[in-house]
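Following this line, the structures themselves.
Across the two complexes that follow, chain A remains constant while its partner is chain B and subsequently chain C.
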Partner chain A sequence: MIPRPRPERFRLRRSMMFMNAQKPGLIKDAYIYGVDSIMLDLEDAVAENQKDAARFSLYHALKTIDYGDTEVIVRINGLDTPHWQEDIRVCVAGGADGIRIAKCESAQDVLTVEKAVEEAEKEFGVEVGRTLLMAALESPKGILNAYEICAASPRMFGVAISGGDFRKCMQTKPTVSGVDMLVARGQMLIAARAAGVQCFDTVFTDLDDTEGFLAEVRQNKEMGFDGKSLINPKQIRPVHEIFAPTEKEVAQAEAWVSAFREAQAKGIGVFTVNGKMVDVAFIPGAERTLKLAKACGMYEGDLV
Partner chain B sequence: MKIENNAVAGTLESSDLQVAIEPIENGIELDITSSVMNQYGRQIKATVLETLERLEVTNAKVTIVDKGALDCTIKARVECAVFRSCGKSDKNLPWGGALK
Partner chain C sequence: MKNAVGRDIPESLLTNGREVYQGKNYMDGKYMQKAAPKTRRYEKPQESKIVDSIVDALKAVGARSGMTFSFHHHLRNGDFVVNMVMQAAIEELGLDEITIAATSLGEAHDPVAQYIEDGKVVAIQTSGIRGKIGEVVSAGKLKTPAIIRSHGGRPRAIEAGEVHIDIAVVAAPTSDCVGNCRGIGGKSNCGSLGYAMTDAKYADHVIVVTDCLVDFPNMPASVEAIDVDAVVVVDSIGNPKKIASAAARISQNPRDLMMAENVAKVIASTPYFKDGFSFQTGVGGPSLAANLFLEQEMNKRGIKMGWAIGGICGPMVEMLKKGLVGKVIDVQDFDLDAVNSINQTPGHYEMSASQYANPANKGAFVNKLDFVVLAALEIDTGFNVNVLTGSDGVLRGAPGGHPDTAAGSKCCIIVTPLVRGRMATVCKNVVTVTTPGDCVDVLVTDYGIAVNPLRPDLIQCLDEAGIPHVTIESLQEKAYSLVGTPDDLEWEDKVVAVLEARDGTILDVVRKIKPVKL
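On to the complex of A and B.
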């Protein structure tokens, strides 16, 4: 058995890759790709008559395979199916880091899952509160209730939009500009930031359209997403590159943070660095840039 | 567990295996075909027998077609076939108990 460290609610999640929990060939070496999180899927990737088999496969993978620093999330079946309760039991018993709630539409959905997770933690002798939660918003109702969903539980670390189902509800299809989902993405981002959780974009399914994929990831970063859901290992590297800060941003963040700490020690609130005014409002962003830079191997200092 | 009905679990994809189980009266009858029989046949047999013993299955005909599965996959597929044969594979499974 591989003991996993206690999951961290806030960690780097630029890339979250789906993998079918029913396919041993996929899940046995998922950690080699260097993805930030893997999402083992019990939901749509698994045929209705193989839901049971997928759980056995998931349980032994969680117990046997050393995923190292890769976060292990499991996507469970929707609350409108007969599968989700057993899905939760196996996730908790196997020691998954977190659970992704599919088709989440309300705070009540989060609370329903949380209750079952807590019961499973008690049943299997897992520390209560260990298992994290995230929600996938897949419908207009989910987007409208984004804030209450994000704020529903201290276990919640983030929300993701699920483009396929959402576009189906909205009767739209993917566009080059992203205008079809612009409002939904924006509303979810505002809700996530208001609740203090992370926010992830949907998958890009056309693996042959590299330009389209890169454009969408760039837009994700500009809009303020923390990361993106992925379906193929070849999507990981470009996401990490686009989400990485530039050298200039890292140098600036380092200068700001160190100048701020010096100024603070002297009792100075606002000051200038290379001719630009800096005060306390700039510092959390600069610290986040440095943390990201550290994760990308671009910064080795000790300010963060 | 008593094997009640014929049941199958797993696939013939690479890194997987297919397990078929049938009720019989006189002990364990095990038939293994594997793409890595020469290197791992003995290990596969040991894992299958150990899993059946853990589930207290004493009478069964078990037919395995292995495509190079890891031990954890062998356990998962054998367990699934046994629980399916009893109609108990869907809920309230003994994770961490008989299943480990």
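On to the complex of A and C.
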């Protein structure tokens, strides 16, 4: 049995790769590709009459495979199905780091899942509060209620939009510019930041359209997303490259953080670095840049 | 007697000055006496050497029991010629005590297994041994142990007279009436005829079997009429579909691509990666995909490859056409793109097996190689590689040019997944050592990279480039933790195959496997 460390609510999640929980060949060592989080799917990838088999496969994987530093999240079936309660029991019993709530539309949906998770934690002797939650917004109603969803529980670490279902509801198709989901993405981002949780973009399904994929990832970064959902390992590296800070940003962040630490020790609040005034407000962002740089192999110092 | 890779070689094999493997370059500087063939003079002008049938050709060259017949494997799994010649020799002429000396044998030659069981074929010397032949030899049914040699070791043994070819059979996609042969221009094209070249020069007699007779002179000839005794025209020398595959495609498997990318990174981290470098890669998934990522690294650095050798297939021809590689020289072509390019695309040349890989000549191409990327069935913690025997101990592989390129190159990279199904590829002890660990420099797996401790210079290169690497022991432990520790194979005493190192010493033996009892 593989013990997993207590999940971190806020960690680096540039890439979350979906894989069918029923495919042992895929899930046995998905961590080798260097993805930040893997998303084992019990929902759409699994046929209706295979849900139970997929749960067995998932439980076995969680209990026997050492995923190391890679976060393991499970996408459970929607609350309108007969599967989600049993899905939650399996996730908690197996020790998944987090659960992705499919088709989430309200704070109540989060609370409903949270209650079932807590019951499962008690049932299986898992520390109460260990299992994290994230919500997938797949409908206009979900987007409109984004803030209350993000803020519904201290277990919530983030929110993601699911393009397929959302576009269906909106009667739109994917566009090159991303205008079809611009408002939804923007609203979700604002809600996530307001609630202090992370925000992830939807999958890009045309594996042959490399240019389209790169353009979308660049836009994701510019809009302020923390990461992107992926469907193939070959999408991981481009995402990590695009989400990486520039060398200039890293150097600046390093200078700010070290100057801040020095100033703090001397009891100074505001100081200048290379002629620019810097105060405490700049520091969390600079620290985030350094953490990201460290994950990208661009920073080896010990400030973070 | 234990050899330099720790394998116990029976004293009974160490006769006639035969030694056990002593390590890389042990024979360097020694002299050898080359063996010349005894050939017939054809002083009186001949209009044509065409005879009616293979039987007639065999009669014409005086085929008899006890002789050694040589074959080459350019027609790969599509080859009809080995079976046709053996059938004529054994069933029609009633010959026995036959030795087959082939550059490789595969599933296409399954009918030969019966001749082994019948005791007609009593000895086999080959690089590759697969299919039913591998099974019957492993079951101890061949009268004498099979001798397995690398592609460079074979021309060395031929030139040294350790194997004397009585009759060489050349399977020729085209020939003229006197035996000038080419690998293209016919209906069963295979491109290069590099493996047949040394055989034709050192055999007492040479028979050409073709299915496409062309006008004299068939130029430029790979095998020349001056060495040929007889030409036979048959309906078909092979199945074109199995001779050369359609264009080899670069794998889309993310695991292969990830390993290939790491191979390219390792290459780019070394001092040998500079303008004009030389390269060989295999045709397996991650080996072939290395081309793709190497091209990216070359573009990044603004450099070009000087030359590539092989086994060649489409992606390398593509790089030649794009001007990214100066020259491509090959002994064999694996797909139609390569077949249609050799001696056609400027810069794409043919070479003999001796010129490619022979350790005993005065400088084979492998000795000038900077990088080679190779696969492995197994690799152990001593970096010894097995590409011959399966995890069940049965012969089902081919050293090919593996030991030659590994020994000659400055940087030999093995790329393989850590496990295959329930089999640990990285293990404590390979079943058979086909390439000794002192020739292998870097191992790239899907679970990490390991550098041979014999190469601290390469370890430093990887460190400076920020490429993470681990010990090979930790990879082996990871493999065993995933699939379990394999039980040792159980062998009988009988040696069924002798694995010759490329220099002619004995690297390992394969014994008869005990039948599995469940």
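A few comments on the model shown:
Assume the second predicted complex is superposed on the first by the 303 of 304 C-alpha atoms of A that agree within 3 Å, B and C clash if a C-alpha of one lies under 4 Å from a C-alpha of the other, contacts with A are read in each partner's own complex, and residues count from 1 in each chain.
By definition in this document, a contact is a pair of C-beta atoms (placed from the backbone, for glycine too) under 8 Å apart; a residue touches a chain by one contact, two chains touch by 3 or more.
Only a predicted model underlies this, so the values are computations on that prediction, with no experimental measurement involved.
Following the overlay on chain A, a side-by-side fit with no clash is recorded for the pair chain B and chain C. Once the two complexes are laid over each other on the shared chain, residue contacts for A:E86 go to chain B alone; chain C is not touched. Note on chain A: of its two partners chain C and chain B, the one contacting more of its residues is B. In the superposition on chain A, contact of A:Y33 is made with chain C only, not with chain B. In the superposition on chain A, A:G212 contacts neither chain B nor chain C. When both complexes are overlaid on chain A, the residue A:G129 reaches neither chain B nor chain C. By the touch criterion defined above, A:A61 lies against chain B but remains apart from chain C after alignment on the C-alpha atoms of chain A.
Contact with chain C, but none with chain B, is seen for A:P233 once the two complexes are overlaid on the shared chain.
Once chain A of one complex is fitted onto chain A of the other, the partner contacts of A:G94 are limited to chain B, with no touch recorded for chain C. After the chain A superposition, the centres of chain B and chain C are separated by 60° when viewed from the C-alpha centre of chain A, nearest 10.
When the two structures are aligned on their common chain, the gap between the nearest CA atoms of chain B and chain C comes to 6 Å.
The residues of chain A shared by its contacts with chain B and with chain C are 28.
By the touch criterion given at the top, residues 9-10, 13-16, 69-73, 75-77, 79-80, 83-84, 89-93, 95-96, 99-100 of chain B touch chain A in their complex.
If you check the complex, the residues on chain C that touch chain A are 254-255, 257-258, 446-447, 466, 482.
Contact residues on chain A toward chain C in their complex (touch as defined above): 28-29, 32-33, 232-234, 297. If you check the complex, the residues on chain A that touch chain B are 23-25, 28, 51-53, 55-57, 59-61, 63-65, 82, 85-86, 89-90, 93-94, 124.
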